[in-house]
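After the structure tokens below, expect a handful of questions from me.
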Amino acid sequence: MESEHNPIKIFSGSANKPLAEKVAAFLGVPLGQAEISRFPDGEIKLRIAENVRGLNVYVVQPTNAPAENLMELLILIDALKRASANSITAVIPFFGYARQDRKLRSREPISAKLVANLITVAGADRVVAVDLHAAQIQGFFDIPADNLTAMVQFAQYIEQKGLEDPVVLSPDVGGVARASTFSQRIHASQALFVKKRLSPDAVEIQSLIGDVKGRDVIIADDAIHTGNTMLNACNRVLEEGARSVIACATHAVFAGDSLSLFARSKFSEVIVTDTLYMAGREFPAMFTVLSVSELIAKAIYSIHNHSSVSALFQA
Amino acid sequence: MESEHNPIKIFSGSANKPLAEKVAAFLGVPLGQAEISRFPDGEIKLRIAENVRGLNVYVVQPTNAPAENLMELLILIDALKRASANSITAVIPFFGYARQDRKLRSREPISAKLVANLITVAGADRVVAVDLHAAQIQGFFDIPADNLTAMVQFAQYIEQKGLEDPVVLSPDVGGVARASTFSQRIHASQALFVKKRLSPDAVEIQSLIGDVKGRDVIIADDAIHTGNTMLNACNRVLEEGARSVIACATHAVFAGDSLSLFARSKFSEVIVTDTLYMAGREFPAMFTVLSVSELIAKAIYSIHNHSSVSALFQA
Amino acid sequence: MESEHNPIKIFSGSANKPLAEKVAAFLGVPLGQAEISRFPDGEIKLRIAENVRGLNVYVVQPTNAPAENLMELLILIDALKRASANSITAVIPFFGYARQDRKLRSREPISAKLVANLITVAGADRVVAVDLHAAQIQGFFDIPADNLTAMVQFAQYIEQKGLEDPVVLSPDVGGVARASTFSQRIHASQALFVKKRLSPDAVEIQSLIGDVKGRDVIIADDAIHTGNTMLNACNRVLEEGARSVIACATHAVFAGDSLSLFARSKFSEVIVTDTLYMAGREFPAMFTVLSVSELIAKAIYSIHNHSSVSALFQA
Amino acid sequence: MESEHNPIKIFSGSANKPLAEKVAAFLGVPLGQAEISRFPDGEIKLRIAENVRGLNVYVVQPTNAPAENLMELLILIDALKRASANSITAVIPFFGYARQDRKLRSREPISAKLVANLITVAGADRVVAVDLHAAQIQGFFDIPADNLTAMVQFAQYIEQKGLEDPVVLSPDVGGVARASTFSQRIHASQALFVKKRLSPDAVEIQSLIGDVKGRDVIIADDAIHTGNTMLNACNRVLEEGARSVIACATHAVFAGDSLSLFARSKFSEVIVTDTLYMAGREFPAMFTVLSVSELIAKAIYSIHNHSSVSALFQA
Amino acid sequence: MESEHNPIKIFSGSANKPLAEKVAAFLGVPLGQAEISRFPDGEIKLRIAENVRGLNVYVVQPTNAPAENLMELLILIDALKRASANSITAVIPFFGYARQDRKLRSREPISAKLVANLITVAGADRVVAVDLHAAQIQGFFDIPADNLTAMVQFAQYIEQKGLEDPVVLSPDVGGVARASTFSQRIHASQALFVKKRLSPDAVEIQSLIGDVKGRDVIIADDAIHTGNTMLNACNRVLEEGARSVIACATHAVFAGDSLSLFARSKFSEVIVTDTLYMAGREFPAMFTVLSVSELIAKAIYSIHNHSSVSALFQA
Amino acid sequence: MESEHNPIKIFSGSANKPLAEKVAAFLGVPLGQAEISRFPDGEIKLRIAENVRGLNVYVVQPTNAPAENLMELLILIDALKRASANSITAVIPFFGYARQDRKLRSREPISAKLVANLITVAGADRVVAVDLHAAQIQGFFDIPADNLTAMVQFAQYIEQKGLEDPVVLSPDVGGVARASTFSQRIHASQALFVKKRLSPDAVEIQSLIGDVKGRDVIIADDAIHTGNTMLNACNRVLEEGARSVIACATHAVFAGDSLSLFARSKFSEVIVTDTLYMAGREFPAMFTVLSVSELIAKAIYSIHNHSSVSALFQA
């Protein structure tokens, strides 16, 4: 897919090299050569090991914690800018700090905006992300920012199962818009959990609205961090008579020991993607991992060749 | 409430002078003197008519359409900046273009971000808004941006009615998070409408999830633009057996002839605020208009005197 | 005139689509597809309806009042920027707010500078204007700004009339430099009106300096807003014995009912251009409307193909 | 006039220290201590020799050629900024490069805008200038920029002469707006020289419009650079029968040997100000030098104490 | 030392809270309340827990690896900025990435400049650092940046030992300027190691220049990262006949197991400061740790009260 | 070496036109046409005399004092930017004000950073310099900045002399890192002068460390400003028994009458380059002037054709 006179050059930080390699393979190009290591005191040591003058380069790096991942991305961009790349696109499969996208209480940071500014000041010319926690984060950037979605892949995968009138459930109100789009795509019904407080002094309870009895339920979210909300939701819908429960989320964070909690849960299947990579992590058998590599590769190809990426956007 | 040595100076554009006057009255200060008129060709003619050197000034102006309102705000800020005000706070009771806060389709603008940049480049030092369509718009600004909420006032007003186990209904998925916070505050149940498409070729239908039968339903949203969604929702919940239906929204846009549609609707009451002013507009008898003037006045007072505004924030 | 591999792409806002169409026709390209409409509440709804990735695009939009025109330009630029156009040239046949280009009194805005900043922050890469009220407005921009002039067309048109030793008259001191350049080009004499105050308490009078008796007088200005000054000047020079009086101005604003005042005036001819368009406006028979479309088309062609535009500049 | 708790601190570069001293004396403060010298290779060596943390400082420095004057101003600002001054006001009695305020031909710089950007990026918070060549230069700055005028002083000085119906003459069309304001202030008539070209091949001639016969003529301009235009104008109006001719200009540049040309001219008096200082330069006896020190001192006082400077503005 | 009306407010990240507490104690103020923790997925969770509107705040945080330390600093600054602090001073006892202050080879980043930009874009108003690896890093900032030095403390400590004609040795050419300043302050001789390559194919050797025989040698550097160079230098000077060897460095990084290497080395004493804190780290008995808390406290006090900090600067 | 479709366009200010001409000749292109002169009052008058739209242009201009040289560079950049050059590379053979790269004392400017900001704000897209006084100055720029070195040429020239075990001497500690790199390249030993103060009241003495007896000594530095340090060093090493002394420096400033001091000195040879040009200056017979024209030409060629410049970098 590559042109000799205008080569696509993809660099990867160390946060998700397997994904970057798949993207490069899909595009038929080798990964750009970058030497990334650590000084003995832990500082990132980095050098672009091939000429990039005048080239349009793409840096694939999710920015999940720890901050080393973000810092690697920023230093990569700085080095590429000073090496006179013509343009630098930051491809961020998982955009860290995305949940801190507004001040819920006074004197909180808006860390997602801070991160957007850091990426911009480092020298990125555009950003490509996947399933941002909130689409508004695009507006945190003055540079063009595309928000790809894995929802089409999830829908295709679910539809081939032939479930009869399934229910897409959002585990909280924050994800209901996303779940709604998804449910329309697979012609499903919808349900959600809301918090309810019966009186000023009462504790909150989770109230299920929508009908799940005897139905196959797909609990959908953008990311699974600890999975607590999802696991509770799974138990609750089974108590309410659901036939089966599937979990579905783009970003497989699974902090702490949450992966084993899912392994022991009543989910019949957990469907995630490869936007995140943790060395040594192995998913339990019930997990299905879809790859966003083709999605990202097509977006890069479109950007590089000035064709439209709209078909890849979140609908 | 004002100090002689550090006076609060409030200026108003012409978009909602009644509100600005109420705010000023609450703070015990006269409105700042600004001459705002039009040149014969329609361009805005403006001059600050009193000395503002070194003062902290507050400009009250909603930025609903037409664009003259936004332009007046920008020119006011420019004039105040060049007149050497020490700081300029843009108090924007209704933040126009807020619904265009992300790219839903390719090649769309993010007008809300554009507006944020225009306000910043004009010279504002901070922004105070009320019930932003999306809290993430705070992150469109690099200057401090506070998002006040009228929800406390709505809750107090509703609670004094003594409704028994009411239901807060969001007319679409976009508003469900806001409706959820509101319902918790008044210890209500929750319901919402979602779109459902039964097959790829079928049209979308509005599906109600949650229980409304025999209940008092409060349909809550941030703004009523045409009100179509709200009016349809009102009819649907009555069909589903609701006892009564109240509409509740901060921003009373009411485009076109929608006000008369509400007057003829089955809503028992429509509760809005005075963030917007349209000359000559009169609300039907069933309307209750709460004023955000005290809310804004307290925010200005807190900013001016360096006390905390957190109590006024959206929870 | 267009190349297939590097197409000229012209978009038009709704302020002067007839001019944009003429420009596009001259260049042999269709107008770029943009969907521009209004939401029911009056906000601008806009989408670029064709792929512009990597293209150099030109947006034709005068920014006369109301502010909707400027706002449309800004939103168009934002959408094109986020759609990854390679460069965006704002072609502004009439630059609104140009007369507010300095502080005449304290605490006034410099709205022309504000507008320049708004256009820049929205994302324009360069600006092309026609007969700016003051050439210094070019310096309000840090991006390249070209100031085209219709003076050559005016001169050609006047010269073919074969007037004998005409007089170019500036209706006030602000336009005398422009009138002087024009008079040199057509080898005319010059005259002007100045204000004079006979004593501290006396009112100002308009004093004519220069000789008009028995001469054909061309009153030249950059724009006719209300035309009051021009109409008074016309009467005065006829009183002073002028043989005939022609009005000549690039920008035909004609606020209020001024067009009918000109129709009833003693001007033998009024020569303007099509930098401005008002739907439904019809010029009286005595009006001659020259088109700046070829001038603008040539400028766009030169910019696009990296040839020199200097021949099109104001001399 | 100084307050102990909020002292006015005035620094001077070496371009016009006598003026800075007069300004400081008027305000009753000593000049701030700055060590300004040159390294052996000619580079500017500079250190602020007293604590300025948290103070509002004023730097007096005209920026006439050579560029050392501008460079001194920029380095002074940089040092003051890094020394944590609270605010830095650049007081620029003569703003160099002001005549290059627009592109008259393609591929020219707009040096006045460049200079504005240099002063801003160095760290100035506001600018105070005197009789800018074009008032629009205020708009080259995004920081507040005041344009003081010596016109009131000129008018007072002229009026005490008791001339009978004098004529204010602008030597070219560029200065006619300024001359017009001046003539109204002293209730004078007006005249000007324009260029005329009789045919395409003919040379330009200077054509006088307005009546000077038997009158006292005041040729007014913002600056005298070489004075050629003024000297020619003087001779021409005397040929046309003027009774006497006075020259009047704020900025006394007098490049080359032009001072001696004025000494030998037929001007009865040349009135200038002290915005510029050239070491060793002595004005001929016919020169009257008004001082702008009080004007500048009052502006600094007003800025410092947050009172209005509007009374000092150009009307 | 604190004033009630203008309190000094010091916040600490979690990188070196013991130092921040000492600084606060010296100034007689409590540490500002900030809640800093981690989300389960490792992202930083942070909230300023007290009102800071209008206050001048100081954030103490070294930015040694891992990047969490830098990220905490940036998020703290973002939160304080959005909480309307009047000014934010980043007090960075150890400035990480400082050694990457230039491109030694093509396509390297300049990470120190990147970090400077990150701190600036986050919203810091000024920076205070201690013994920067290169003083030029001050110039990486457009905001004021002070570079304090612990050299005076080192000199006082060394001088009280009463060594007779000691030698200050720089372990490489990069530190010789710093070592030279230090040697002058304690009236010592100087020596250094340089690299020498005998022929194009030969390996580099470390060549000692300067005389150490029978002398007390103080090996001085800004930081000890792995200490390899220092340890080799110690052995070499003892081979060359030095009487004793002391190590002296501001920043005690001691990566990996280097601390134990020093414990087993022939250094008679290792003198460092507390700019860095590693939980659980204990220095061997031969270590002397001087505190920079008083130095930093005095700098904060001076900045806060607008007195001069020059006495605290690196000489 | 030039391509017709993508021509290299080199412009020269008037500071070192002979070097620019050599660079252009090496690349086989004529110098770009720019009219640079002075107005009678000394201001720079400048116009680009050929079309540069869409071209990548290179401006060769050292910025040694007087400030006219820097100002010419800035105005050239401004004119090229406004003339729509695609990119502007400032080629600065000698970077003036480079020694003021940090605050040694409080309230000093960092003039080198100021100059970097001025060049950036004027519109340069990248900078190429030669043997910067400190490599960290690269980090003063956010735009790419390359630091070429003449060291390879110096080494080749020295090596052909066949000196036996020469000594490279740095005249002060500031240059020792540079001297060290140079000495390694030519397999030489190293020596340097350090300042020593024997007691608090004693004056500083220059102390030589390293062995020079019977050796050929090369005193190396980046620039010779007055040469005092070098001349003293020459005398001292001869007193210490050196066989011969050569001076070696990239930048031949030679302020005042220092050239004649070198002519009368005991240096056997002085080797410099042509980064600086002073009209009428003639070097004494003992001077060897190497040209950096080929070095610069190759850098421009590499930048222009997107090949790597790393081989030209300082090692």
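Letters A, B, C, D, E and F mark the chains in the order given here, with residues in each chain numbered from 1 onward.
In the analysis below, contacts are C-beta pairs under 8 Å (C-beta built on N, C-alpha and C of every residue); 3 or more make two chains touch, one makes a residue touch a chain.
For clarity, every value in this text was computed on a predicted model and none was experimentally measured.
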Touching both subunit A and subunit D (chains): B, C, E, F
Equivalent interface to B-C, taken from E-F, D-E or A-E so that over half of the residue contact pairs match: A-E
Euclidean distance of C-alpha centroids - subunit A vs subunit B, Å: 32
Between subunit C and subunit A, distance of the C-alpha-averaged centres to the nearest whole Å: 50
Centre distance in Å when subunit B and subunit F are each reduced to the mean of their C-alpha atoms: 61
Two or more partner chains touched - positions in subunit C: 51, 82-83, 103, 105-107, 110, 113, 117, 308
Every chain pair in contact, whichever chains are involved: A-B, A-C, A-E, A-F, B-C, B-D, B-E, C-D, C-F, D-E, D-F, E-F
Touching residues (chain side subunit B, partner subunit C) in the complex: 38-44, 46-49, 51-52, 64-68, 70-71, 74-76, 78-79, 82-83, 96-97, 99-100, 103, 105-111, 113-114, 117-118, 120-122, 225-226, 253, 255-256, 258
Contacting residues of subunit B [partner subunit D, same complex]: 51, 53-55, 81-84, 123
Residues of subunit A touching subunit C in the complex: 126, 142, 144-145, 302-303, 306-308
Footprint of subunit B on subunit A - complex, ascending: 101-107, 110, 112-113, 116-117, 134-140, 142, 147, 173-174, 176-177, 179-180, 183-184, 187-192, 194-200, 202, 204, 207, 209-211, 308-310, 313-314
